[in-house]
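Order as written gives the chain letters A, B, C and D; numbering starts at 1 within each chain.
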Amino acid sequence: MALKTEDQYRDSLRSMRPNVHKFGELIEDVTTHPATKNTIEGHASLFRSQHDEKLSQIVTTVSHITGEPISRYLSIIRSAEDMIANCLMKRFAFQLTGTCTGGRCVGWTALNSMFVTTFDCDKHLGTAYHLRFLEWLKNAQGRDITIAGALTDPKGDRTKKPSQQEDPDMNLRIVEKRDDGIVVRGAKVMICGVAAANEIFVLPGSAYGEQDKDYAVSFIIPRDIENLTIVEATHPSDGREGQRGFDIPNTCGGITQAYLFFEDVFIPNERVFMAGEYQFTKSAVFNFVAPYRSAIGGCVAGQGDIKIGAAILTARANGLSAKAFRDKLSQMYVNNETTFGLGIAASALGQKHPSGAWLPNMLLANVNKVHVATLPYETSRLAQDIAGGIGETGCMPSAVDFASDEYGHLIKKYMKAAASGEARARAARLVEWSTVGAGVPGCMHGGGSPDGAKLFIHALSGLEDKVELARRLAGINEEIPEPQKK
Amino acid sequence: MALKTEDQYRDSLRSMRPNVHKFGELIEDVTTHPATKNTIEGHASLFRSQHDEKLSQIVTTVSHITGEPISRYLSIIRSAEDMIANCLMKRFAFQLTGTCTGGRCVGWTALNSMFVTTFDCDKHLGTAYHLRFLEWLKNAQGRDITIAGALTDPKGDRTKKPSQQEDPDMNLRIVEKRDDGIVVRGAKVMICGVAAANEIFVLPGSAYGEQDKDYAVSFIIPRDIENLTIVEATHPSDGREGQRGFDIPNTCGGITQAYLFFEDVFIPNERVFMAGEYQFTKSAVFNFVAPYRSAIGGCVAGQGDIKIGAAILTARANGLSAKAFRDKLSQMYVNNETTFGLGIAASALGQKHPSGAWLPNMLLANVNKVHVATLPYETSRLAQDIAGGIGETGCMPSAVDFASDEYGHLIKKYMKAAASGEARARAARLVEWSTVGAGVPGCMHGGGSPDGAKLFIHALSGLEDKVELARRLAGINEEIPEPQKK
Amino acid sequence: MALKTEDQYRDSLRSMRPNVHKFGELIEDVTTHPATKNTIEGHASLFRSQHDEKLSQIVTTVSHITGEPISRYLSIIRSAEDMIANCLMKRFAFQLTGTCTGGRCVGWTALNSMFVTTFDCDKHLGTAYHLRFLEWLKNAQGRDITIAGALTDPKGDRTKKPSQQEDPDMNLRIVEKRDDGIVVRGAKVMICGVAAANEIFVLPGSAYGEQDKDYAVSFIIPRDIENLTIVEATHPSDGREGQRGFDIPNTCGGITQAYLFFEDVFIPNERVFMAGEYQFTKSAVFNFVAPYRSAIGGCVAGQGDIKIGAAILTARANGLSAKAFRDKLSQMYVNNETTFGLGIAASALGQKHPSGAWLPNMLLANVNKVHVATLPYETSRLAQDIAGGIGETGCMPSAVDFASDEYGHLIKKYMKAAASGEARARAARLVEWSTVGAGVPGCMHGGGSPDGAKLFIHALSGLEDKVELARRLAGINEEIPEPQKK
Amino acid sequence: MALKTEDQYRDSLRSMRPNVHKFGELIEDVTTHPATKNTIEGHASLFRSQHDEKLSQIVTTVSHITGEPISRYLSIIRSAEDMIANCLMKRFAFQLTGTCTGGRCVGWTALNSMFVTTFDCDKHLGTAYHLRFLEWLKNAQGRDITIAGALTDPKGDRTKKPSQQEDPDMNLRIVEKRDDGIVVRGAKVMICGVAAANEIFVLPGSAYGEQDKDYAVSFIIPRDIENLTIVEATHPSDGREGQRGFDIPNTCGGITQAYLFFEDVFIPNERVFMAGEYQFTKSAVFNFVAPYRSAIGGCVAGQGDIKIGAAILTARANGLSAKAFRDKLSQMYVNNETTFGLGIAASALGQKHPSGAWLPNMLLANVNKVHVATLPYETSRLAQDIAGGIGETGCMPSAVDFASDEYGHLIKKYMKAAASGEARARAARLVEWSTVGAGVPGCMHGGGSPDGAKLFIHALSGLEDKVELARRLAGINEEIPEPQKK
């Protein structure tokens, strides 16, 4: 079938069993329901881009299996160039949709992780997952499907391992192994873009030891599989998504994050890529982390592009020149390019894996994660600073009030400045939406917390080498060891 | 009548003409409508505190006019101690209500500004405003009313003065002077706490010259005065305020910010404190700015107290110890005490005005404003960092979903950690609410923008004195003047 | 004798036994030796100020013992106003001398600490130190002496208490108690302004328990007491102090920090204020810390004033307008006033001690210390940014080269810009001197490290109160305790 | 001759005419004089590395002209990999020498710039510089020479162009064109590593227009050419370089920055690469800036490695564990890898020039420059924080005092902690040296100021594209142009 059109994509979602809920209600058609429509429009625009001469170079590539053109989101990252293209596509996707298209990139990263992990697992344990994975992948490329990725378990009491929890379901686990497949129980939480996805790629949420081998599980399922219940989480100002008008200013994209409840879901063998091989859970997580934390710098740069644009648009609508904000803009540009650039650097300094995959630099990827957890907050603050009071918290009458017969004319009269009242309000709403509203993605903790990233940074920074450097330069001959606890 | 009870306060609001709107609808009873109920509960708790033995020391003082006990919000600030008590009360009010009680402090600051300004105006121009003001104040103290304050005009094209605007109404102005009063037209925008107020104190929005003397106007009006239409602005996640459940976790307080449209409102003379004396518009603004920017440091410190508490509560509900976050907590404490402390410093280094008022230090007040526009953002980021993914953007199923017959049990099962699912969700909601939700006040631009504060800082920092110091210390005898433009 | 003149002060130093060394050499006359002359000139200017009509209001006050005019540095701080005057004087002293006059303020803080500590000690242990202290103080005020203060011990292995050290001398201790006095052995290190002092006030370096009671010792000694050997530490670019010319651009002041070696020094009883009362070592340290960490904010603000002046002077000498650096100047002003202001706040929110002393607010004092350890570094960076390459590291030919017969004319020709080559070089040297040169004081660790300050902040910030606030606001009824270690 | 040994290198310097001065004195032998010895030892160690099996891979490459092995510092950067190798080598060189080896990298960048610029100039103006350049380069590679680079002119009054200056010599200029060469007059200032260089590559200091065509000049000269007078600038604590002992703790490397005075220096044609082609001055500067500002991130990362090592070494010598400083170390690691990584990113996102050269990404290079001007200051502060008071400003007795017969034993006794007194002092001296001493390079303004970098960032960040993005996303149809000045 090759590359789907946006309509084919929407049709593929409409043909699925409804199992997504929000605000206590089952969503019959995710493509039209206000809680999910915007994110699906965002994902649809990626399909539209596949058929645009210029943009297709960004969002498509060639399958290393079949040689056919495929969505880049279904490709294996095999070189620094591929990984750099990942960073670039993520920035582009934000610019296109104004926000996260999480129904694609997490799944993509997950499948790249399992490409490497199944290769290594087979090599060391004599399993046969890699070929099974390639079969599935080839088929998935042919179907041009959209894949969400799911790692995070509820975890319960964080001081205990999965098998030690009072309730053993607090991490997703295999409750039965059958000849033809496995049965899993538990949940995956805060999963991005599920409503926009055809399938969901599941990975273990952490590195596990032998006592937790039932939790060592990876597989791919249709989103509407039996016994899977999905509840969409809230996000800022989502109460406005049911309203008419422009209080949610951007309809080119949106974010959803779901809770997935697995009540004994059966997965056939051909879709299972790990089932008990706890020795490779660490590999699955690490091979996810490195590309994910590299490329997320592109995401927040794209997001920063929107904040910059929205802030200056509002300032101009207020009658102020961009020149008045040079210093703030400098800082915003620097923040943007820092996260973007560190992703590029992690890509460039990666290395080739025997499977043919390209593994980005783990230290730089995690350094990037630390910036991703801080710099966008400063960029948001500066956007609100530039935009003024109406942008700071969206302190304007609602779109419904703009339309009031009784006093709407007063709002329009007094909101007018260097642009019409509505244009000015829309610009300010975009600042609000992208800094304190429904457009704010969960990038700080998504893909792991900054404190987790710092653990990697400590492990990889080579402190003792630096200490030895200093000792040599200072001409110190005696040993100065780390003091021992008594 | 002395000090009102909270019920008397609610009654006073219920007895007023409905003229507040939101989402296209007239609010019949502000004390019960979901859009205004929370802020009124917050203000009511201040009245409750007046009758608490311990708390009354914070929120009440003695009238310098009558010697009677009065609300501190209706007092004249006459000493460093009074001004410090202002900072302390603001921090307390945030702790009590979780947020801003803007229907009191802006009005309070406004009346203090006009206490000084009418004194000076009378002295220089021979007017008789000060006594009129004192008469009104004595009466207001007796009635124990709640007073919002209104400064900000819509402004229109920011490159033009009020009288040069295409539409002369873009700043509030006197359209008619009668024997018994004045008629005003225009708007005041982003006015905090109007729904919770009995009266509104209006000040000029800027310093004006003679050609703009019609805009030099200050007065006090009942909130429900004829020809005044009020529309409440949106704030983050306000769509949830109509819902049941705990998605808006805090019901002890709330924020509203309104747009006030004056369609030829008549104000009787006894409530007018400036009507054309453009020479004192600057004084009115400056005498507002200094105490406001000093005491707002107490506000954001109180807000920071909530963020710290909510973040650690969530972390513990996640099963994590506060000890894991020592460094982040240090930073949050330092941010908090910095804004609080600079307000205290501005109070302590103030000076006595001939009218008897105490004027805080203008340089330190404005330095504080710059911190107020930055540090709370960092504190919010750290709160989200500590609280984890569920706190970052409130990424949890809604309270409605918690209550679902069909799958509510799954949510409760999987949200449970070191606390019940609901308690954990409530804690995380408070992090969301106070950092990216309905509890976020507009402190960056409220009371003037940080860029405005920097203008004061430049004017007051004495650059040339510092340059002379340096020249003397460096032993330079020749003059090194500022280069001249050619 | 009342208030000394600067000549009387210099004479008092010249009359002392030489016991100060630097670079392997005994300094015969500290008032003329290049290593100590500048700091003595700085201290002398404080004596000059005592006799200036305007400045005497800053540097003198009235003795609460005798009612006579005395140096403020010899006064007891008895009110918020006194403490604020401390902050102001410290800022002034930096402006006057370009740097630290550490031979006065540490001793002053030390004597204030022992005023309180002897009072409490007498009350609880029945000792009779307070009166003895007052006798000494009255006499010291009469003699108008300059007093350095000494707290920091060498400490040896930081994981062991004083009495557990391999070498028991690693903290200063009483080795003999006689009827007429005590004999002490050990060292005090990094002591500021000793060369400029007549006497040295010694305090315990930490809070000690009973096993370390020999280390609980406080006394005052003449700087030239028998068996005391003093070695001045190096400071940046001190190799230039012997050179002629303006490579050390400022001769109005300077810093010294000394190592004091006590080889069985005898101290007569009338100068001993603690000798074994380990229970009050904590008090001695705490009562030192609070005023010291409050007022040091004034120091670094004064230092910031110099950096601002020097940077702009250099920029103008380069031909650039101060206007080009508005944003950097804003940041520098804010940094300055933040440390200054927090000192004022700590002063204002202090409390009266039964002895009559005023104790500043401990939380705010320690918050200030954290800023003191960070903000001046940013101010220095900005000064170098403004001043350009010649200011950054003083990248200019030396004053000796300026004077070269052979090529000095080339240097003068090419260093000339909007000011003469020498004036431009002097301005840039002052930037270097105050940011990376001999004028940089050790404020980060002086008076205790920022990590030590954070311990106080954690202890005083009331975390559990904030958590309770949050729990109440979020409507959580269940207890969510701090997780216990297993 | 291929790759020189370190002895051959030292010999090459000894054979040159003495024309370098410092402190008013002519330096007869730069390889032994204390003012220049350390930098020459640093440069010598690069020659030593050429002959080390492992290190030669870092510091050598293959000539694209001859196919012979050459110093990487004499190579043309022809690919992303070459440019990445530049960043890596710069970090390595800092680790090897503890500081900057500026006698190599600036010259290298300069020759790469002129490789491109001569190519473009020939193409557009029909000149024949490129072949001449290649001839010289081939020869230089064969001789394995060390080349300093010189761009910065004294500039005089910064508000005037070169030809408008009162003194036309304030920028280096051609005063005579002869058949066989040109004669130049003027100066180049703050030139790094000249004492360690065999030759000096001169570039125009800025982009010039036609009226300043005499200032459009580029050439390469022997360091000891007739009529060139060199004066070394001071740097922090350089007065200690004459002393014995370890007060300058690192003797593996050092920095020098010189002022070069050209008093009518004749340069033969074969060494002239620009002489009046003002149209290509911009190109010369831009093609220098991009690689320089990319790779300098590697420098400051290497410098950060030293600071981290020195700080932890000192902490351990103090008896403290590195674990106590995890949070500070995190920040230092992040700072380090940020500048390093952004250089890698700029390298990776570069593009091929028709000449065969690789041009790094200009936006990312300049973003890096902004970080280079800020992050190292924070790393220095943290190093001083970790190291304690003795590291902060090197507050210890001098090495001469350590050796005192009279009291040296006291210093050693009391400086001892978890390491011997001398080892502890050496470690702390390395902190001082690298953060506030002679090891601090002028990276903020070297290669252009951060404000200059921001001009590039503004020009390259595509503000209008971002504004258009925002306008589309917000659904605004009307134009909102930049307000026009009236």
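Please note the rule applied: a residue touches a chain if its C-beta (ideal position, glycine included) is under 8 Å from a C-beta of that chain, and two chains touch if they have at least 3 such contacts.
It should be emphasised that the depicted structure is a prediction, and the values quoted were computed from it without experimental measurement.
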Chains touching both chain C and chain D, listed by label: A, B
B-C, A-B or C-D - pair sharing over half of the A-D contact pairs: B-C
Inter-chain centre distance, chain A versus chain B - centres from mean C-alpha coordinates, in Å: 38
For chain B paired with chain D, centre-to-centre distance based on mean C-alpha positions, whole Å: 52
Approximate Å spacing (C-alpha centroids) for the pair chain B, chain C: 40
Per-residue multi-chain contacts in chain C, two or more chains: 159, 319-320, 418, 483
Residue ranges of chain C in contact with chain A within the complex: 159, 327, 483, 486
Residues of chain D that touch chain C when the two form their complex: 21-24, 152, 154-159, 167, 169-170, 187, 189-190, 229, 231-243, 247, 257, 259, 261, 263, 318-320, 373-374, 377-378, 380-381, 384-385, 388-390, 392-398, 400-401, 403-404, 407, 410-411, 413-418, 432, 436-437, 440-442, 444-446, 449-451
In the complex with chain B, residue positions of chain C that touch it: 80, 84, 95, 98, 246, 249-252, 305-306, 308-310, 312-313, 316-317, 319-322, 326, 329-330, 333-334, 336-338, 340-349, 363-364, 367-368, 370-371, 418-420, 423, 426-427, 429-430, 454, 457-458, 461, 463, 465-478, 480-483
